[in-house]
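Okay, so chain A shows up in both of these, paired with chain B first and chain C after.
Right, the complex of A and B next:
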């Protein structure tokens, strides 16, 4: 062992502690960097008694927690997207006490109440008309909001897909660099940190699983499906396509259709496609409610009489053929077996003639109805393009009465609303054009219509309490209440699920941080220690120098 | 456990964020005053609040309807009070007029008073509610329910109810499933226009009676037991038997002209139709118009003791106005036998012009000829077990002998009207002296009974309205208390409990402050502070 070899020990010590200082510096510099795993310079003694050297710069990170983090990340992404979605859905159904659907419906039926007491008051008639238009507009608004939400989903899916593709490309690039670095014998800790972070982010979008290859690269698949997104620097492209025939969106990896089971895309695609998902369910419930209101109001209205009779009236709905049975003629609702009556009045309001039209389900055609009406000397009935028009002789008017066949409802004659669901509901031109045509009265047993008769308006007002929905167990407002309550529960459940998921992610992240997080105090300790070690090594070299100096003086 | 620096920072950050989020949310609740901001805050509560609000709206509507009904019924009630007053005044006038010590002039002034009452009654009957509907028109609320026809002097001659019907009630819903009529029907208050007690007819008759219009009445009714009417009109033949004096002058009228009556059966009988025709022929000279009223006779059927079969043979014959009736009236109770006879008579009504009606509540029946023609009956005087004469009609007079005999049992009445006082003089010895000399008060006295009926009707109407008002009043109270209950339930569902919320807010504020303080402490300390 030569005296000079002591210098070698000193040099190695300086270099080693320099490396420790560098690592501390790097750690301290990245104290706030997301995904950064602290590094530690591991010193080993060089045998035999040959000083110290840095064995490796170790990256302190728990691989098992990484896997878990990626998995929980998928759940988190899904829960977040779900909450976001349901909160938007909920905001559509947050009932304004003044302008919400419930309040609007209540006003509508109250307007009929008012009218039933003073059927001749034109102001009350206008109120009914306005309230009806408001009901229709509120339905269309809500339903439109749902459609916008669905359309927004597609945009969001597209943007998430493009973000996922960006991440995939970036991860592949990191893979390439990591493999290269490993080949050069370097430990690319920072690249690994970065890659882990990106995989976790990708998982939040698409719910992925990652596995390490021998050469240090990762292979990423859509979790639960095994469909490969990337392997090493081999990348696949995630695409989204709208299937017009089923009105659904389709996710594909290259040519393979995939359905992610976690990640934001799972929630978004599910909500967009599922016919039982919250949005679709809310839309179909809203449609059912609107349809029930349209049918119930129209059924009563069609058999009622307005302040003035009809000189001529055209049906709202066309049949596909006037010579096939009405029940098979493509009408929005099917007539039953029954009859309705048309009473023709002269200009003084006395009965001029009466015609009873009987309808047999599955047999009677529109042509049969037309000829039955036309047989009345004072009525003319014509069919044009499948649409029935009934006109009274000059100077006369007519009114409908007691339709037990729902034919008037099906044809849209003398109805209050038009349309068949929440999107198409509207006020009939008959009512919108002339409030005197709002049928507050009913033709009496002698065929007369009394101006002060509000029987029909009262019956319409009483629809409020009629259980017509859910198999005759729920009133309109009951049904709406259930709908709102369900949307609220779903949003609340999703929020709670998100809270749970966040807690789970936080737990794993905390565990990971316990291993890989930088502690400034700890680093300062290491720093101080390294500083002292460095100073000591320097002192050792200087002492060695003095020793050698002394030796030289002897020999001089 | 290692605690990395970033964990400290992020922990403090998360804690602060959570405390602040809770604080801000509580603040939003406080400033909105509601405990449910979106359905997810309380899904059940959101649904409940919807139904409660709906019920609240309905309750408000019911209260509004109740107020409306109270207004309408209140108006009807005050009108009915005035109707009662009007009828009472009419009755006072009738009582005064019925007093024979009044001279014609006094009765004239009473007549003009009653005329004013007729006008009043019509205007009351055509009263409108504040909202413009006619109170007594039912669903025909935009047309005056009672139309008026006036004579040449401008007085109301006839009041006709709207032919489209005035009795269809308007209903208002005043509680869940409970409807109430908003008014009272015109017929209930003023009577059916076909009834003898139709209010306007009664008053108009009273007025005319007081004004001097007389009824030359053939009170042809035969009383119970078959007693003949002492006023039975048998006719006179001299041209000077009857002198009619009216505002236009006087003239003598002979009444035995059978040619004036084409419908009455008995050729030799004088009749109301003929009498009216004669007097009408003299109208230019007298100013007196004549109309015919129905002939009517009531039979007591207490004599329906035994069975009876009519077959047209002697002893079992009943011939009305020349038509022989055949059929069995046998069996059952006297009432049932009576009903069979009534049906038998009515079966020939087209040929005889005579209608039979059962008198409700008795076994009696009445024969009437609405066009005023004579009712003539031919039957046997023979008394036998099967004798029509004895068992049914029991003629004590007018028929003699044992063979078939015919008698005119009733004649129509004649009503004389003129714009001024009229009187008549009947030649001495004429059989109808009593009625024709009667400047009497029969018509006015008859009106007293009718007015009593009218009054009863108006009072009954007013009672109905009053009861309904009381009910509505009760309903109103119930609805008000319901609405208070509902409002408090709704408030419990929707509104924030401020006291608790503010306490919670204070706690959250403290929690936030503590999180800030402890966070600041933790973040301040570092080994750096102690290294030199």
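Right, the complex of A and C next:
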């Protein structure tokens, strides 16, 4: 071995050594870097007796666990979005003991209870009017909150789609740089770390699957669909569109419609589109509750009488045609076979005339009803734009009674509420304009209305405890309680699912950390051990020189 | 005289075998140094320590054999060399010179290897010391003093903790 080659071997050994230590330093510097995989300098002997050099700086990472992380990340993104959504939904239904729907309904029915005892008290009538307005406003607020939440989902979906496209572009750029580096014989460990991190983040949004290409780039698809988001540096664009005909949002990759099965977008799009999703279900239940209250209150109120009779009254609901059966005339509810009565009173309150209007379901038209009413000489009934108006002769008033056909309810005559659901519920102009028209009394068997009668108000108050919903098994409050607790329970279930998903991700991350994580203790321990080994070896240099010197003596 | 030379020749033969073992060890050490395998280096150092311990007995045997020869020739112990012995005892010259050449070859090779490995060890060690002191300087917590005037060592603040812990 020549002197030069000896030093060349030594130079290579030191350079290799320096690379090993530099790698230790790089690992330590990135101990807190998310997604960093520790690196190890791998040394190889240079062909025969020519020293050593660094073959590669190897990145310690388990690809199988990477695939699992991407998969679990999609589940995590979905669970997080689900929890966030349900917590917002829960906050809408959080019952305020004073202003919540339950409290408002209680006040409303209690006001009728009080009115039933003192039906002529104007203050109690105002209380009923205000309580009714509060019920309607609370329903509209809750329902409006659900609509806002649904609208917010679109904004959130758009924001996530934009973030996903940003990640796709960045991953494609990393793909390009990784391929270039590999082509140059380099191992771009830090670029690979960054790309793995971004693919995991993309999966949290869109639930993706990634596969390695031979040149070092990755191909990313929407998991479970095979729809390509990017391949090498070729990128597709994820877009979101609102389909007006179905009122649903649609995700597309280029021109292909896609439905992510995991990731935040799966949860958000599902919640926005599904008719059985938590928001749609809550809205549907709220509508059902509002509709039931509207119908039950209006049915009783329509057959009752106020402190003063009607001189003229116009129906709230229009028919599509006055000559088709009421059941097919587009009314919010269908009349049944039955009858209702109108009693006309003179200025002294005595009965002037009575008209009984018979209704046959599927047969009777609005024109038939008008004609029957108009037959009474003290009443005039007209139809304008499908809306019935009934007027009493001059100096006379009239009251409705005993509607067994639900025709007054369907037409919106003498009703307390207007509207058909939680979004449209309102107090009728009749009640809002004159509290004396609140029907606390009933026309008695002789046709008279007594000022002190609170029988109808009592019947209205008793609606509170009447099981009218879910096939006659649940009161309004029961139904509301079930709705609120279901929302809360769904939020709790989602939180538990998120906890489980976080635990699953943490497990895989921990496994990956065992391979990839930097342990400063271990890195420093390795350094210290190495330093001790070299220090110990150094101590023998002079000892061995002494041994050799002692032999020189006799070999002269 | 022949008996003394036989004893010396046997001692030197044993010593040659022992040196040849060291030669193998140093060649192995050279490879370990080139690969930067600190753990293997520590194991080789342990083997060198054992080699040094065995060495003491062999040196005693050689010294006793040389003393016998020096007394037989009435010369000072420090003046005994194998070249001189071969000249004084021509009948034994072949055997003695073969021993001398073998020892010369081994010591020359050993000297080169010790120098070469020593160079790598010293340079690596120097680099290590610099690296470790740079690291310690970078992560060490600045000295603080408590109200009592004592140095307050905050182990947790040093920062070099295993994040997996």
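Note that in this section the second predicted complex is superposed on the first by the 518 of 556 C-alpha atoms of A that agree within 3 Å, B and C clash if a C-alpha of one lies under 4 Å from a C-alpha of the other, contacts with A are read in each partner's own complex, and residues count from 1 in each chain.
Note that in this section a contact is a pair of C-beta atoms (placed from the backbone, for glycine too) under 8 Å apart; a residue touches a chain by one contact, two chains touch by 3 or more.
Computed from a predicted model, the values in this text were never measured in an experiment.
Looking at the superposed arrangement, the partner reaching more residues of chain A, out of chain B and chain C, is B.
In the overlay built on the shared chain, the residue A:484 is in contact with chain B alone; chain C does not reach it. Of the two partner chains, chain B and chain C are each touched by A:524. Contacts of A:515 after superposition on the shared chain: chain B is touched, whereas chain C is not.
Shared-chain residue A:242: touches no atom of chain B or chain C.
In the superposition on chain A, A:31 contacts both chain B and chain C.
Contacts of A:553 after superposition on the shared chain: chain C is touched, whereas chain B is not.
Contacts of A:455 after superposition: chain B is touched, whereas chain C is not reached. In the superposition on chain A, A:535 makes contact with chain C only, not with chain B.
Residues common to the contacts of chain A with chain B and with chain C across the two structures: 31-32, 510, 513-514, 517-522, 524, 528.
Every residue of chain B that touches chain A in the complex is listed here, in rising order: 1-7, 9, 14, 37-44, 46-51, 53-54, 57-58, 60-61, 64-65, 68-69, 131-133, 137-143, 164-165, 168, 170-173, 176-177, 179, 182, 526-528, 531. The touching residues of chain A, counted against chain B in their complex, run 31-32, 38, 86-87, 90-91, 93-95, 97, 102-103, 105-107, 109-110, 113-114, 116-121, 349, 441, 444, 446, 448, 450-455, 458, 461-462, 464-465, 477-478, 480-482, 484-492, 495, 506, 510, 513-522, 524-525, 528.
Against chain C, the residues of chain A that register as touching in their complex are 1, 6, 9-10, 12-14, 16-18, 20-21, 25, 28, 31-32, 43, 45, 51-52, 510, 513-514, 517-522, 524, 526-538, 540-541, 543-545, 547-548, 550-556.
The part of chain C that touches chain A in the complex is made up of residues 12, 15, 19, 22, 29, 31, 33-36, 38-39, 41-42, 44-45, 48-49, 52, 55, 59, 62, 66, 78, 80-83, 100, 103-104, 107, 110-112, 114, 116-125, 127-129, 131-132, 135, 160-164.
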